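Supplied in structure tokens, the structure appears directly below.
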Amino acid sequence: MSFLILLARVIGSFAHIALVLAAAPAVIGLVGVLRARLLGRRGPAIWQPYARLRRLLRKDVLTPETATDLFPLWPYVCMAAMVTAAALVPGFCTGLVTAPLSDVITLAGLLALARAATLLAGLETGFGFGGAGAARDLLFSVFVEASLLVLLLTFGLIAHTQTVDGIAEALRASHIGISVSLGFALAAMLAIALTETGRIPADNPAGHLELAMVHEAMLLEYSGGLLALFEYAAMLRLIVWMDLIGTIFLPFGMARAQDVLSWPGGLALWAGKLLVMAVALCLFEVSTAKMRVFRVPEFLGVAMLLGVLSSVFLFVAARIGG
Amino acid sequence: MSLVYQLSHLLGGVMLLCAFSLLSQRRLAAMIMLYQIEAITLSAAAFWQGFAQNADDLYLTGAITLVIKAILLPIGLRQIVLRFGLIRAVETAMPVGLSMILGVGLIGVAVLVVLPITVSSVSLTREDLAISLSIVLLGFLMMTARRNALAQVIGFLSTENGLVLAATGMPGMPFVAELSVALLVLLAFLVVGVFLLRIREHFDTLDLTGLEDIERLGR
Amino acid sequence: MIGLPGQGLHWRVDALSALFLVILIPQVVAGALAGMRGSVAYWVFVAGMVLALAAGDAFTLIFGFELMSAASWLLVVQGDRRPATLYGGVAIFSGACLIPALFLQAGGLAFGLILLGAGAKAGLAPLHSWLPRAHPAPAAGVSAVMSGGMVKVALYVIIRYGFVVFGPAVQPWWGTALIAAGVAPVLIGALRAMLEVELKTMLACSTVEHVGLIAVGLGLALRAKALGDVGLAALGLQAALLCVVAHALFKPLLFIGVGAVKAATGTSSLNWLGGLMRGMPRLGGLMLAGAAGMAALPLGPGFAPEFLLLHAVLASAGGGGILARIGFTALLAALGLSAALALGAGVRLIGIGFLGRPRSLHAAAAEDIGGGTLAGMVLLAGLCVPVALLPGFVLARLAPVIILAVPGTVPPALAYAPLALALLMAVAGGAAWLVLRNAGTRREVAAWQGGFGPAPAWLPFGDPATQPSATGFAEPVWRAIGLGILGPGQVDPGEALVLAPLARINTRAARVAERIRRATVRQRLAFVFGALVAALMLLGLVQGR
Amino acid sequence: MSFAALGVSLPFAAAILAGLWGTPAQGARLNAVAGGLVFLVTLCVPFGPGAGLIHADGLGMLFGVLTGFVSFTTALSNLGFVRLGEAQLSLRRWRVYHAMCLVLVGATLLGLYADDIGLLWVAVEGATIAATLGVSLARTASALEAAWKYFILAGVGIALALFGTMLVYLAAQPALGPGLPALSFAALSAHAGRLDGALLTLAFVFLLFGYGTKAALVPLHGWLPDAYAEGPAPLTTALSGLMLNVALVAILRFRHLMQANAVAGGGALAPGPFLITLGLASLLLTGFSLPRRRDARRFFGFSSIEHSGIVAFAFGVGGVMAIFGGLLHLVLHTLVKSALFQALTRAAAMRGDASPGQFNFSRLRGLAQSNKFLAWVLAACIFTLAGLPPSGLFASEFIIISQTIQRAPWASLPLGAGLLLCAVAIIRKIGPLLFGAAPARTQAQPAGGAAYLAGMHLALTLGIGFAMPWALYDLLHGIAAGLQ
């Protein structure tokens, strides 16, 4: 019997990875279409990002002469880190084969590795925009890391385990319901996710103004296949954060890898969750403007305080709850 | 109260009076005169103790004190005063009134310290010890209260007198101590003399302020 | 007999001192290979460390400890005289604190003195600001062994006395004190590592940060041991000891690398380097491995200790009262902040120093390293690989030390499997490579100048001003955080709050002593006379009663 | 005529001869020969201690040998000093200088071997007058000022010591009666319990102030820095260092009398606090005075005050091990300090002339260019004073600190602070000395005898400090137990 369960979990994991990799460009496309519709424009088709990636793959790769011979290495490292992170974060079902690996600190480490690769890519060619973008991204990452760890403490305290998979299991099983600390944690998590994926308040994904851009500045010198890798990594980053928020804050109805019967329900729920979050993201992006670079640290500082408050309220709740 | 005690007590008192009045003097000549009286009284006390304890080395000490400290030394000091023309008053480092008060305080300290300690020994030595300690402390105060080199030397010699008085008061103190005290006075005078001549060559006055400027340069 | 008259020297090597002796060997060999073979002071320095670690009794420990300090002081003097006196002062201060502590009976005061003494030498909270000024002064090989080995000997003394000798008498506040003494250097060290321009000073600040991390790990373990939670104590100790091992490998690697950079380009200031990867590929590769350790990136040697430490903090935040919860949450935020700053420092070291365009002719014309330096760095990098990829194996080797320090515990298993992660990343990377292999051709073109005019003829590699400088790269972090903590003059709070006031007191007292020395003959007589009369009056009062 | 008496009278006889005959070079050779003979005599003293007025007990033997050895090596390095500094003094002054050297050695030995406290006082007084004449040899204003300061302060100190001696005699009356036995150390320490305790305490205060002046304990230290900075170096620095030993040994003996009396309930106060206070005062004041000194001899004069403060502190702490630590510190410090001054004089001679005013640290910068061996020996001497491990003084300071924390914990904080301040001030001077920029046009010069003598001293210090033979350990421990 246990062999069958293992086989189911392996197939489940492969299915999960394939689905996440396939769905990443689709989510970006969905967000683009929804954004355009909200702004009253027709907007590009959902499959537009797939076309963009295929076009980039066919184009030549231009290497600047001032770049060192590590130039092509960074895209591979960044993409590999994001793929691994995607594999670890459960999507439509929990209990994946990679579950024991999906430790929250390892996840934070992988995101940091991807960020480091992008920063070094920015500094690679040695011209102004790459360095400026890298400096800003580093400033954001300092506050993101601090807030993220405090949030992980809250999730760890609620679920008494350190793996994302375990948190999902614990939150799905027990009916935690709406609690003050989870509310604060959600607000903080959203702020961090927006900054990490380079959405509106921290960085304008659609804008190309050299002075304002953060993530795109670091990829200016890349072209062809290497740029495709970086773009794909950015798409993966968005779907990983969506999966993370989905598993922690909307855990109900997630399938279990062992019993195959629950997969269809899980898949449907997962697609629904992605859609809901994409709509929420577009609504938020349309309603606010990009912040000045040095206002973002305060924005993330608020997120960190919310994280601390959530862990403190958790303590108070546990005490009062008896 | 036996005659021995009364007379030594009297001589000790005279020496204490001279040491105390040294503090009030401003002119070198008067200081030298007071010192001479003190030395004469000391030699008398030494002779008297020699007679009282019939120890012949005290007679020798009395003779040495009389010859060197009472006669030769004041002559040498007066020669120095004449050669450098130091007739006018000597500058003092602290007001004379204050030094007098301190002098009384010192005598009080000496008495406070010596009397309870020596309750077991003979009253004569207790008395003698208290007086000699007072003279030593007064001589010391004299050295710190005057800026003139010669005045400091006189204070130093007054302290020596206190010591010799204490030595004569000790019953059966071996002779060795006497010789060394004399040796000290002789050499002290020799060295001081040599110094004073040299001070004169380098500064026009005996005053120590010249020396103090050197120290203030700081090395 | 050799040693203290009447007692002599005693040796004793148990699991704890064996561990620290083993981690000493690679960096000493690397330091010797990096050009310190001939220096007598260097070998006396190493002998002092070995003596301190293998000491059986108090005298031998202090003798080795101070011999190590004295020899390293001489090496610092040979390097640069300005910080030498401060370094010597701290060394003597730590000896002056340790000697009394070893003769007091086990208790709070003794541990406090040891924390102060050994902490000053290691660079913990009150006295940490001297380390970034003194460690860069001597030659690279010596700085490597100072940061990698000497700091560890000081921490060894804290472990030896905190856990083993004073073991039964441990109290929870000892752990809290050690955590407090550790968290400030972590934050300040990481921030200054991000802002310093001089490479060696940056690495010294990173040492201060890593010593802080180790101290936090030890503090957690000590507090857990005092509260009876043996499992958490083992976790904290695992974090601290693994950090000791990892830091003892990648920090000397970086220091020797920086020494090689200074030898090749004549400067170690980041604002004059750049594009070294092109001229010095071998050095660049090794420095990349070292920087991965410093930045605590996954698959690097530095990540496993950080992983264990954060888990220890997460676990200990669970228990305890409201104050403990707030305290540990704040500690977690600080650790997160400094982890990101450390990442920034690593990226800045490699990005500004080795990538991009050369900022000076020397940087452009640098030749690669060879001979002893290369051999030493390859040795250290080679040893970094097992620590990076097989932390489980290394932790198994540390188990006897942990059982010695926290009796009756079973070291927990490690939840971080770098090999599996590496496999996943390799598969993903391989797939991407296959897809890209037959994609378009690859051509080398001139990059866009970023809107600036063409560089003048005498700057073949382009105008350095159009390239982000080290200070510029750190400027956003400086404006957001640095200004608050370090103040406008970028002065380390340890300097402003501890060393500067002490210097002022010393000057004022020296002025008083100078007045006493310049007293005239009469005044000196007055001193003597006053003391005599005071003694007599005291005697009179005492005897009179 | 026991060896001790011979050891004392030999230098005096040689002094008379040196004072009346011979050119400077011949005087130096006579000095060296006399020094050698005296060293041999002090070596055989342990085999025939003898009895009566001048005889050597354990303490006297140890420090007698040390004095003999140091005066012999100083006389040897004096040969070089005289040859180079020929023009400094006139013929008559050289004779006075050699005579005073020998008188100082003789007085020191008399002070160590004298069993009679009166004779001890005479020895100290004779040594003071010899040293004062030595300081006043040079005819400069600062030399004169130093000599005058030395004479007045030392004279006052001696007066107080004499008064203390008489009080001890008075205190001994009830137990030993009038006459010579009341002045002999042996008899006094035998009957210490039955002496008059209150009088003994008063005597100890005066003796502490008297011999404390000779041992240069703060606040009685005024004369030492200036006396060390003036006059020909071998006399006023190396030899007068031996004078500190006599004073500290005397203080140790009187302390033993008082401690024994206090223990036996004779009514005397415990001597510890007095010595601890003076020791700490010396340590802390020098800690703050050292950093600003620019003249090397004055700097190391203050360092001597610091180390005699440490020794007095160790005697104040009391107990066998603390006294052992104090004696060990005294022995090691004497060896290192005399080696230091010999090397320093040679270094100054290399950089121009070795006359008193020429010992500024700025003149001695970058000594390695002049002579590598001498530079490292001088640096090693200075480093040994700081007390960090490779120096023998670390062993004694370790013992003293460990005893302090056990017997007088409240005193360990100021002790630690004082040691830290002084050590930091001392190691500050080594950097510029070794690695500083040498003045222009300095060429390499031969090291000369003084450097090798100083090196030998250092090796001896290291040997005694860290590889002490059992025989010496038993001797020292026995002495310490006796004087506990």
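As written, the chains take the letters A, B, C and D, and residue 1 is the first residue of each chain.
The criterion applied here is as follows: a contact is a pair of C-beta atoms (placed from the backbone, for glycine too) under 8 Å apart; a residue touches a chain by one contact, two chains touch by 3 or more.
Computed from a predicted structure; not experimentally measured.
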Inter-chain pair with the most contacting C-beta pairs: A-C
Centre distance in Å when chain B and chain D are each reduced to the mean of their C-alpha atoms: 31
Separation of mean Cα positions, chain D and chain A [Å, integer]: 78
Where chain A and chain B are represented by their mean Cα positions, the distance between them in whole Å: 98
Rounded Å distance, chain C centre to chain D centre (Cα mean): 44
Where chain B touches two or more other chains, by residue: 113, 116-117, 140, 143, 152, 211, 215
Residues of chain D whose C-beta touches two or more other chains: 148, 152, 156, 160, 198, 201-202
Chain A residues counted as touching two or more neighbouring chains: none
Topology of the chain contact graph, where touching chains are joined (line, ring, star, complete, other): other
Pairs of chains satisfying the touch condition: A-C, B-C, B-D, C-D
Complex contacts: residues of chain B adjacent to chain D: 113-114, 116-118, 120-121, 125, 129, 132-133, 136, 140, 143, 149, 152, 156, 159-160, 163, 166-167, 170-174, 176-177, 180-181, 183-184, 187-188, 191-192, 194-195, 198-199, 202, 211, 214-215, 219
Parts of chain B lying in touch with chain C, wherever the complex brings them together: 93, 106, 109-110, 112-113, 116-117, 137, 140-141, 143-144, 146-147, 152, 208, 211-212, 215-216, 218
Touching residues (chain side chain D, partner chain C) in the complex: 148-149, 152-153, 156-157, 160, 198, 201-202, 205, 209, 213, 219-220, 222-223, 225, 269, 274, 285, 288-289, 291-292, 324, 328, 383, 386, 388-390, 394-395, 398-399, 401-402, 404-406, 409, 412, 416-417, 419-421, 423-424, 427-428, 430-432, 434-436, 465-468, 470, 473, 476-477
List of chain D residues in touch with chain B within their complex: 116, 118-119, 121-122, 125, 129, 132-133, 136, 139, 141-142, 144-145, 147-148, 151-152, 155-156, 158-160, 162-163, 165-167, 169-170, 173-174, 177-180, 182-183, 196, 198-199, 201-202, 229, 294-295, 298
Of all residues in chain C, those that touch chain B in their complex: 514, 517-522, 525-526, 529, 532-533, 536-537, 539-540, 543-544
